[in-house]
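The chains carry the letters A, B, C, D, E, F, G and H, assigned in the order they are written, with residues numbered from 1 in each.
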Amino acid sequence: QRRGVPEAIFAEGKSIPQVVALAETALETTGRALLTRVSDPQFAALEDYVAETTPDATIHRHSGAVRVVTADYEPPSLEATVGIATGGTVDEAVADEAEAVCLDAGATVDRVDDVGVAALSRTLDQLDRFRDADVMIVAAGREGALPTVVAGLVDTPVIGVPVSSGYGYGGDGEAALAGMLQSCTVLSVVNVDAGFVAGAQATLIAQAIATARD
Amino acid sequence: QRRGVPEAIFAEGKSIPQVVALAETALETTGRALLTRVSDPQFAALEDYVAETTPDATIHRHSGAVRVVTADYEPPSLEATVGIATGGTVDEAVADEAEAVCLDAGATVDRVDDVGVAALSRTLDQLDRFRDADVMIVAAGREGALPTVVAGLVDTPVIGVPVSSGYGYGGDGEAALAGMLQSCTVLSVVNVDAGFVAGAQATLIAQAIATARD
Amino acid sequence: QRRGVPEAIFAEGKSIPQVVALAETALETTGRALLTRVSDPQFAALEDYVAETTPDATIHRHSGAVRVVTADYEPPSLEATVGIATGGTVDEAVADEAEAVCLDAGATVDRVDDVGVAALSRTLDQLDRFRDADVMIVAAGREGALPTVVAGLVDTPVIGVPVSSGYGYGGDGEAALAGMLQSCTVLSVVNVDAGFVAGAQATLIAQAIATARD
Amino acid sequence: QRRGVPEAIFAEGKSIPQVVALAETALETTGRALLTRVSDPQFAALEDYVAETTPDATIHRHSGAVRVVTADYEPPSLEATVGIATGGTVDEAVADEAEAVCLDAGATVDRVDDVGVAALSRTLDQLDRFRDADVMIVAAGREGALPTVVAGLVDTPVIGVPVSSGYGYGGDGEAALAGMLQSCTVLSVVNVDAGFVAGAQATLIAQAIATARD
Amino acid sequence: QRRGVPEAIFAEGKSIPQVVALAETALETTGRALLTRVSDPQFAALEDYVAETTPDATIHRHSGAVRVVTADYEPPSLEATVGIATGGTVDEAVADEAEAVCLDAGATVDRVDDVGVAALSRTLDQLDRFRDADVMIVAAGREGALPTVVAGLVDTPVIGVPVSSGYGYGGDGEAALAGMLQSCTVLSVVNVDAGFVAGAQATLIAQAIATARD
Amino acid sequence: QRRGVPEAIFAEGKSIPQVVALAETALETTGRALLTRVSDPQFAALEDYVAETTPDATIHRHSGAVRVVTADYEPPSLEATVGIATGGTVDEAVADEAEAVCLDAGATVDRVDDVGVAALSRTLDQLDRFRDADVMIVAAGREGALPTVVAGLVDTPVIGVPVSSGYGYGGDGEAALAGMLQSCTVLSVVNVDAGFVAGAQATLIAQAIATARD
Amino acid sequence: QRRGVPEAIFAEGKSIPQVVALAETALETTGRALLTRVSDPQFAALEDYVAETTPDATIHRHSGAVRVVTADYEPPSLEATVGIATGGTVDEAVADEAEAVCLDAGATVDRVDDVGVAALSRTLDQLDRFRDADVMIVAAGREGALPTVVAGLVDTPVIGVPVSSGYGYGGDGEAALAGMLQSCTVLSVVNVDAGFVAGAQATLIAQAIATARD
Amino acid sequence: QRRGVPEAIFAEGKSIPQVVALAETALETTGRALLTRVSDPQFAALEDYVAETTPDATIHRHSGAVRVVTADYEPPSLEATVGIATGGTVDEAVADEAEAVCLDAGATVDRVDDVGVAALSRTLDQLDRFRDADVMIVAAGREGALPTVVAGLVDTPVIGVPVSSGYGYGGDGEAALAGMLQSCTVLSVVNVDAGFVAGAQATLIAQAIATARD
């Protein structure tokens, strides 16, 4: 039986009517809709649409990612925990996108922000939470060293997400991506800012673990 | 309790005495040694060393990766299956390195070679095996489309490994890496030719699943 | 006797009066005008100009490409079919530009949208149409695997068009271009988003085939 | 009925026994073998093998490409002409590879060497031959301007092949590839040094034309 | 005695008051001002300033380059001709900048536009003018082949100027720069869009020739 | 009074007689010679030369860097400590080159090897030594995170040296350089493998501190 | 006792309320705030906030960098001089950022502007000031040769800061960064436009020297 | 009357018999031969060939460039001086190639070596010779600042030649090329190591000046 990755609507570059129409179809056929890279005007239109048509639905916003759930939607339940860590403020929107995907799939998310390597003791304080997660997503920009430091300290599989911060040479996430691919610990990696892919891959791993738990 | 990734010796660029000495230490302290990127002369020296010092030890060669196991070594057992698929002949050495890591950790490996997208029906014939694996490693060079095609057809988490084949623009695995990071399905990725990292990450995921099975 | 590629006006970066003047010249000397990369304000000015000066002319819009045909223009006829396939929504504007060139030359166009490799069965369903085309244009962004998959299944010559979609490493069509140049099947390629060039090259091939048919 | 691209063996990076074994299989199953990127020792071994096992077979060498044809092989016949032009001496090996593929498929090849743009009158002298071809392959290194100049003067579809010559910035075929993709005339392009792909794509186009001629 | 390159003010990124103040100083100390990369609002402010303060001065606009000359300014005289050729419309603004520098130094400029290699006969028609120039500037975008074609046909020293046109791989002048640096004829080159540098270098060469003429 | 950076001979790419002659001049004029990137045959020739001509001179080898000191040479004394740390075995040769420069200038060197971030506790154990140094050089390859981690924990100025290790994307020191330039702590950086420059810059800083101590 | 680098708030990409809140916290906890990359609207809001809440505080603006100091703040005192030199007008904002950091730490700053290598005598005139500084920051764009020229003439340690000026190949600071990393003199380098990092590193060096002076 | 650039044979990548045959043709038809990038074995074969066939011919070697002149060859005379300057030892072979071309055309060459910017006073000492040249070629590797410094001090037109020295980021001449294209003085540039092109362009300029002198 396939469960797969939650379907998501990539809103960037689409018109407001297109986004609303796609959300409408998702809600009508599945009782829920997951959208990523939603702009403020797109979000406002979504809110209006939901308020008018299904006022008892719930809207969750995770930076650019948006989950809409109708009142009678039965969310999947996934008995596994995805740990998510970020280095600094700029990494949070990307981690939010990953979190939205995991929550949408029913996983428990344990989120730890602002533990970048420039203040290493804050990172070390969270090791137990990192070790308790079934799989971890670690998002970091600039030099992107956080996933390497975390993966060196835990047995949990770590997915690194480079974030498009930083200026000059290696900016916009390029140094972070290169650093994660060169990591002297064990990481697998997704593209720069690809919170959705990290969340979806973590979900697939969490589903495999939850199935094994049954 | 941490189990972690099997320790490996990166032989490339090391002298023959260095490689033998590192293998000696590993064998004496753990009863086994795992080496990657072992050249032919390094391998010959390893064989000689083992024949002289521990003649009842076993040597397994997986292209450049080498596992040495003493007679009384009790290998770990890992109740989980790692699927490994390759597109063509050039991808096999990289997959062999990944396989060596998984086997060293005690995982079951289900290996499928020569299912590149230029002959799509061969790929489609193997879907059931891909679906039965707990986690998959898919190695591909040139345009690197195979992990995308596989991940689109199965729920198994897929780790893509770009292989340094191809000439001209995007050669040496660059197009494959870029293509896997841009995949329109869900993949996480390791660096070009990083069979070791793919095998180690698959091992961590397999261990999490096996633990859940208990 | 040379027939060549239909002349086209590249509107991007030109002022509205320049674009209108170039269209005017084309209409007066040849009875038709083909423009690419036409913006909304440029299009509005073209419509106004045509409405005022040659109200019985017809305007066809294909995303940014625009064909204007006067009432007494005798379109060329080209007894050959150009197949055009796209992977997803973002590829359609580029394919529209290619289609405009082929139609302008009198070719029959058989267009198939939304057959990206993430949903492979939809691709496989269209194989007969791909095989019946005399030459194919396949547009794809992100990892750009669709032209490879199509070319592996048909004898029709395939021209790959990378589309500037995707973010992060290999984004903006770079991975797609690299992947098509590295394809393990047989493709020739045009630049990223070069729908015009793909359409023009397909037209030259279609003309050679149509001439041979005579 | 599919005819497709002639099967070829990519010899680069394979051992001599592997190359001979692959050629053996090809000869036994189809009566012919086409190999590309064959080194001198690989070629010598092929000659020896053929002399011993099938002494009445014929070996054709086109730089690195090699065609072996048994005495009773019935070559395909393809009623169409592929024109091939090169800019200078360094481009000839790549053109030879393309030529081998076309000849193997039974096409007529009309080859013109040493017509680089630095001596433009030599290029202009050959226009009639370029116009008479059904499809053209133009190979050029350094700045790679020859395909652009040719395509501006003829209606024949032109496939540009960048050649890995030149030193410094844009060397190794990079400037040639970029220049062909940016051409202000109409070209489709293959990767740097990809004579095989150019020959195979020209073959597919020639087959479509020849079929139309029937 | 040094004559050197005419001093110019690089207006891009400067505020309107800064630009006007710099022009004022130049006019007061030398009786003339040369500015490059002047925007429309900067130009309007310059016109206003001149109209108010030195109404009998003359303003010459060459795309973004602007020369202001007071009534009693005695322009230098330079007995030499700089030939300037462009491939297409997009190259003209860059050539205009080069032309402004040459004219400001008193050189004669012989300008030929729209002789790109896609319509080679127009290029060949101008050979005598190219041969009569003392030094040539040839500006071209996209694949940038024009300077190569011209330099192959004349003994005049040719300075190539790549122009930032074209999209996709090698766009924004990159292919043109690479192609000119790889030229199989003899060229020296300036940076992409560096009309000023080309004009200044041509001026230095023209001055050396004019001095020799004395 | 200028003291400056010790003069060094860059041996790479020079012939053995050239290297010996340059060392001879240095020894004769200053009583010492410092050479970098010395190959094994170059070193053997240096040893022979010294043994023959100045048998009481001392030769110090630091990987590729070589210091020769005659018996009556009075070494400079520099009352300051340069700390040097490396991540792993591959970083040691680059650190050796830096160390040779510092020692040649008379500085005290406090060297700590093998404290890469994959085994963070070993790094943390050395903090007191790092804090006691007057200036630090930290060499690291692969993802190059060590200088960032160290600089986040100490007030000592840290100079990062990327090392050309690692394969695939970001290999050969590219990721390490980019990561150090993007560091979220405070670092200044030298080029990949530029141990000499790091040592010389540290020497200049140490000299400034030692002068202040007087 | 650690003194470290002054804490700074990176304002770019933050909302006005976020910036004001971060400044508020800094002011309340330390009596001062240092911000970098502050936009005009962010600055206006900061001014309003300070005027309202702590009207006797002082605001210093150094291009995008802003220092706010309350009336009773006791600034640190640092007995050392940081020399700062720039090549041209475009380099000044980056140097201003560096200067703000040094001043905030209590260092004396000796600033020299407009001494670019195109007018070498102006550079040479300032050598005594460069030699008197304890550490130097040299900011330069375009080809970035100034730090090399300065470091060749003085014993002061020089930190090079590439500035994102210039267009075409090597523009946006890329040539300057590469040139400083390739310098044939002794430099350490920070990223393009990283005035903050240069200032902070110079501060750490100045602090070490000042401590030694005690 | 065209005089043009001396014909040269590019020996790199050609076999010894090919090189000898091309030299033979040149000697027989023109009485001289100019070859570039000649390897040691190629040079030995040339010497043997000349000794046997035309023992009274003269061979001049300029690093990889070789001029052969028969006894009765009447060299062209060119009344103009080409100045050539280099920064350091590694630049000399490239300058030698340029010099060979200029001498072959009959120009006077004024050569100044080892005046790199790290020892600026040596550069400044040569200004009069630089000013007396009719045109200058300046070759420099690493950061490539020498042509910029020279061009800022003289009115002579300067052609910059980047040299493929340096390691790490911007190595192999990339920083030098970028720096010369970004120069804040007036330069035109040839490709990395393109001594031949620099010499040929300087020759064309020298010919124009010499003609004007008549």
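Note that contacts are C-beta pairs under 8 Å (C-beta built on N, C-alpha and C of every residue); 3 or more make two chains touch, one makes a residue touch a chain.
Just so it is clear, the model here is predicted, and its values are computed rather than measured.
S.K.: Which chain lies the greatest distance away from chain G when centres are computed from Cα atoms alone?
M.R.: So the farthest one, by centre of C-alpha atoms, is D.
S.K.: So chain E and chain H: same face meeting same face, with over half the numbers shared, or different?
M.R.: At the contact between chain E and chain H, which are copies of one sequence, the residues are largely the same (over half shared).
S.K.: Based only on mean CA positions, could you tell me how far chain A sits from chain D in angstrom?
M.R.: Between these chains, centre-to-centre, one finds 49 Å.
S.K.: Averaged over CA atoms, how far is the centre of chain B from the centre of chain D? Could you give it in whole Å?
M.R.: 37
S.K.: Can you tell me which residues of chain A touch two or more of the remaining chains?
M.R.: In chain A, the residues touching two or more other chains are 168-171, 174, 177, 181-183, 191, 194.
S.K.: Could you please write down every pair of chains that are in touch?
M.R.: Per the contact definition above, the touching pairs are A-B, A-C, A-F, A-G, B-C, B-D, B-F, C-D, C-E, D-E, D-H, E-G, E-H, F-G, F-H, G-H.
S.K.: Where on chain D is chain C touching in the complex?
M.R.: Touch list, chain D to chain C: 2-5, 134-135, 154-157, 159, 181-183, 186-191, 194, 197-198, 200-201, 204-205, 207-210, 212-213.
S.K.: Going by the contact rule set out above, which residues of chain D touch chain H in the complex?
M.R.: Its residues touching chain H are 89-90, 167-171.
S.K.: What part of chain E is in contact with chain G in the complex they form?
M.R.: Where chain E meets chain G, its residues are 13-14, 162, 164, 173-174, 177, 191-194.
S.K.: Please output the residues of chain H touching chain G within their complex, sorted ascending.
M.R.: Its residues touching chain G are 87-88, 116-120, 142-145, 148-149, 152-153, 166, 168-171, 174-185.
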